[in-house]
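Before anything else, here is the set of structures, which you'll find just below.
The following pair of complexes shares a single chain, chain A, combined with chain B in the former and chain C in the latter.
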Partner chain A sequence: MNLTRSKLGFGINRSRAGIIVVVALLAILFIIGIAVSDRFGTSRNLLNIYEQSTGLALVSLGQTLAVLTGGIDLSVGSVISLVSMLTSGLISGDQSMVIPVVIGVLALGLAIGAVNGGVIILTGVHPLIVTLGTGAIIQGIALLYGLGPIGKVPKGFDYFAYGRLPGGISFGATFTMLLFLLTAFLLARTKAGRYIYATGDDPHAATLMGLPTTRIIMLVYMLTGFCSALTGVYLVSRFGVGQPYTGANYTLASITPVVVGGTMLAGGRGGVIGTLLGVYLVSLLNNLLNFLGVSTHLQLVAQGLVIIAAVSVYVEKRRIA
Partner chain B sequence: MLSLSGVSKSFPGVRALSEVSLDVRSGEIHALVGENGAGKSTLTRTIAGVHQPDEGTIRFDGRDIRWTSPGDAKKAGIHVIYQEFVLFPHLSVAENIYIGHERKTRFCLIDHKKAAADARELLARFGLDLDPKAMVSDLSVADQQMVEIAKALVHDVKLLILDEPTAVISGPEVDVLFKRLRALRDAGVAIIYISHRLEEIFALCDRVSVLKDGRYIGTRPVAEVDRNELISMMVGRSLVELFPPRRTLAADRPTVLEVSDVSVPGRVRNASLVLRAGEITGLAGMVGAGRSELAFAIFGALKKSGGSVVLDGKDISKTTPAEAIAAGIGLVTEDRKGQGLAMLLDIAANITASTLPTVTRYGLIDRNQENSIAEAEIANYRVACRGPSTGVLQMSGGNQQKVILARWARTSSRVLILDEPTRGVDVGAKTEIYRIIHELADSGIAVLMISSELPEIVGLSDRVYVMREGEIVGALETDEISEQAVIALATHQLAA
Partner chain C sequence: MAVAKAEDGLNRSAARKSFGMGEIVKRYGIYLFLVLAILVTTAISPAFVSGSNITNMLMQLAPLAVVVIGQTFVILVRGLDLSVASVMATAAVIATSFSGQDGAALTVLFASIAMGAATGLANGLLVTKRNVSPFLATLATMIVLQGFRFAATQGAPSGNVPPIFRLLGSAKFYGVPYNLMVMLVMAAIFAMLLHKAAFGRRVFITGGNPVTARLVGISADRVIIACYMICGGLAALAGLLLSGFVGVVDNFVGRGFELDSIVAAVMGGVALSGGRGTIPGALAGAAILVVLSNAVVMIGMPVQLQIIVKGVVIIVAASLYVRTAR
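Showing the complex of A and B:
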């Protein structure tokens, strides 16, 4: 107990409610899974679930940061799409272009985030609206670049998505998990992390306390943009080609693990560990429903139910006086 | 320590400060008084670097200063405790205390252990009994106030400004606060103390400065000024009597509301009281004594675990707030912004909010009729505004309170419960509100007034109930009401 407190410390503490709920749900789904299918509990299937969680995990990591400050980023899906197009389009099968292009698109993610953050700060318009707008613009640019799948990537580029570490463990998913642990640590143990929570908890108080709120907002949307760009690169690695709508579903999907993992939309409460578990929960649920032979349409229904069930647990009882 | 000369500050359409000059010495507690809108908050914010003055100079600690952000002022040793707490409810006590000045390990990481240990030591040094790891949202308001003070102590604070620090605490907690402030003063800290409660100024402060309409009126040693002089400096005219003369009560005052043995788990135990038509009944006690909870229970907004409420002979123990309103009971909560007013709407919409059906025709709101009602009420209650379409957000606390009273007076034909009706309201508006309360009672409504201000309880009530720790511990008839009697009951001291 003491050890967990001091090591991951306040990070875990802040989203404890979320973590308990998600772990409980994970356990329940897991038991159901074992009951309905022999193959569900095999290490092969579990490693599959792990591997398939990568894309959602990457984009949700950034989304968690935006939500922690009391904001949201609705441009993530468009950024993913644009970055996937640019990645495969610019590399165009040329091995020597891989590194410069990947660095370039990640920088583009940061730049788009900087624009989002800058507009939010300068105009004072709610991030929901700002990113809805920039998201539409970016989607438009992606479509101007190409109306369908574009370019290709050299052999070996799929290592991010399909590479396996010793023991058959997915490289991409492990890389992503480490990224989450690093972020959790930084959130708990750096000033910037503390200020992200403070800004989300009470932005007015944060300003009066002389905290650098504008820099924090800027930082958060840049990181969200970076995570989206990384997700775009991942999807190219996975599908071998960029497509103009490849990220479309990720905008809303990225919010699910965040709220299921116990991060409050009002900001200031929650954390990335809860989000990571939320991602695993979504992956596990989809996998389980596949085993049950449930159609993808019904999977959406099930996902919706899980969101509402999980989040209603966190809702504080309204108190008078 | 701090010296302002000719400081002016304008906002679009308002000249908030006009050539204010003021000197505050280190080692003194300097009261700053004035009606709402006199410029106290603007002055505070200008000193704290939230606003930049348009004209004039601020000298602090021997040099001319011009802050560009609150961070600058903080670095120089100016700390402000605002009326609305600047706390992060979901961070711990220690995290709040060191926000902006995090305790670090060698690797530039936040050192939670050291922060908790340092906070514990700091709190202990000033006799504040708080757990550094507790979440601020779990603390009582008084303890949150202590966290605010602890925050100031972290820095090498040279000037501490407190804006209405006692608005949310009472009794023993105020004494604790005063003790801490005197200790700080004796340690050489300059303190600016803003308060509406003149008693506090006489009890605590060394000098007092008065602002009126953004202008500096003067500074006096507290020992050389009396209450009336201070009030006349603040309002520009002498208010010999803050309270309207006592009313002659009608001989026949039938019982309107009878509350018997009402309990709310953990808050109120077996409370019984009687409200009569045309009477103002005071409900006194410390903050946290269960007064608001009892009011909510009567109103049906808080679950009762026992007891009965009878209105005009009819049992309404199981009423909901909507039914209570329909039955003629009104409740003006103490939290104007949270529960009372729709801050974004205009006066007319607020006044008719609980009587909308009367201004609705064919399912549509008749704005003309609504406006004429509002205009009548504005005149009746002397609300200072441009007209019915003035947004309540821009109005002073006193005028907002009048709008709320106007709204409830329209629906509350039988009982009106007022919870701290003059909180955050300036002296001038207070007398107006007292007059309105009198008129409401004279019209035959049974008024129940909850107040933490003793002069208000004593000056206005026809009868007084006193609560302590969830129980009604005493009832005082008209000729028994005195500040001493109420305090004795509220704090369980033997009557002096």
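Showing the complex of A and C:
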């Protein structure tokens, strides 16, 4: 197995190869963009693309970690929806409630992640099925809490989404980028980070080597839950209110940047920087298609084709047959 | 069951020796659970077994069951098809794209099934020739298909479904829904194909162990591609049935069917790791989904609980199978 894999890799570290591909694609799209419109390359438009990437980036960060261990988290959309509902519903316009509620919902994200991880470990059921199940349960709870937009947030809560740093740079997007850099650093430089890769590469071998794989899996799903909760808070900041289906599209959308960025669904290869670039690629692509006057309908086709192109270039771990 | 022959001939002697609780749960658990769910719901709400409610549930079951049959083929060869709902909606849009008269029915049928099979071919080629994970390959075709559908309809499909599809999708023959008959015919054909024909044995061998498949001279790639094409074709047929059931066509006919069909198959004992599972089991899984959704309403619980119950059942059922498989 390992033999075939190293043969396929052509000696190139896959995550690095992924980054090269995404950077090349970003460059090509950028050149096309400048060629088609004068306004595309303006700092205003670029800052706009940067700002709009925040939500997808936050949720994809957590998703990358789950995928690195060979798992997947399909409950992210429901967690985002539930957290958005609770955030605006519990704050309910009261300034003094902001900090306790935000801390509370982030802790809830961690707790939901712990449940996901715990169920995966205890039952031995594939994460796809487990998180599909917990996702359904959480969506149901969100709907029990309210069937429509609920609550409101005080003035100033929109800083996360619309706040600007000096130079007009988006606060939320920059915060998110720093979170990616921190995660990349921790993945590369800490034991836990290396264990995540080892667990994803071959869980059986990792367990035999005495690595704490169960704790690693718990940690990863807790972090994924945390990132989803953060995305929920971000969406409340952006829209001003929580909605029961606000996260629904993020579940599958969060997978695209991960795989486009070179992280294999089989686990063990890839990294968060590739994902961040993947998010920028998706944002840039949508923006470019807008400039090209492509209908939003065909933008979907383009996104699907990008996924197919990306996964065809990378070639997943070779099947045995 | 006869099925076990093809499925796990190697384990047969072992299974015979230890016919304990685990074995019973593994083989018949799903049917027992179905009966139990029906009995409990009936005890709480006798209206559950009224003629009209049963017909209602059977009509809901038919389109889902048709998709589940296809999904079972794909999961048996270690795959997964997320594109089925998109194929269903596209078939529904195709159904309204012609004259809307019965004269167009055959054209609609062929065009839809060709579209479904072509989608399956694309999925199968990506999975076998490019080693793309089934999750991603079918996610991508799902999105592409959705985009084309939106572009073609400008977001608002219009036109009429030929009356014959309305009849097949929503009418009854002496109380028996036509769509149920279509489903039963499909179930019989594909259960024979899977459990009695040589192709079925190739499916089980390919899913059970692709290396063995190659060693015994089976072209695993061709078998896998065929499974995706079967799934796509059946999804298209289910889309036509569902469009006939709901009458109006929108761009999201079949929304949720991709996950429901996977869940039904898994509950019915089709292993995501491939090579294990039966069509009757998967159909029982589909029936349980329909019964539970209906039971929530009949018992008078909030509708939101439907989705929560579904989530709990998926996890419990899947963990029972993992446990008994050990």
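Convention: the second predicted complex is superposed on the first by the 301 of 321 C-alpha atoms of A that agree within 3 Å, B and C clash if a C-alpha of one lies under 4 Å from a C-alpha of the other, contacts with A are read in each partner's own complex, and residues count from 1 in each chain.
Here is the rule we use: a contact is a pair of C-beta atoms (placed from the backbone, for glycine too) under 8 Å apart; a residue touches a chain by one contact, two chains touch by 3 or more.
Worth saying up front: this structure is predicted, and the values here are computed from it rather than measured.
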Partner chain(s) touched by A:311 [first = chain B, second = chain C, both, neither]: second
Comparing the two partners chain B and chain C, which touches a greater set of residues in chain A: C
Partner chain in contact with A:119 - chain B first, chain C second, else both or neither: second
First, second, both or neither for A:198, with chain B first and chain C second: first
Contacts of A:132 with chain B and chain C, given as first, second, both or neither: second
First, second, both or neither for A:49, with chain B first and chain C second: neither
Which of chain B and chain C A:21 touches, first, second, both or neither: neither
Which of chain B and chain C A:188 touches, first, second, both or neither: first
Which superposed partner A:211 touches (first chain B, second chain C, both, neither): first
Residues of chain A at both interfaces, chain B in one complex, chain C in the other: 320-321
In the complex, chain A residues that touch chain C: 72, 119, 122-126, 128-130, 132-141, 143-144, 147, 252, 255, 259, 265-266, 295-305, 307-308, 311-312, 315-321
Contact footprint of chain A on chain C as seen in their complex: 80, 126, 130-133, 135-137, 139-148, 150-151, 154-155, 206, 210-211, 213-214, 220-221, 259, 262-263, 266, 272, 302, 304-308, 310-315, 318-319, 322-323
Touching residues on chain A, where the partner in the complex is chain B: 6, 9-10, 14, 188-191, 193-194, 197-198, 201-202, 204-211, 268-269, 320-321
Chain A partner contacts - residues on chain B that touch it in the complex: 50, 69-72, 74, 80, 82, 85-92, 95, 99-100, 102, 108-110, 112-113, 292-293, 296, 301-302
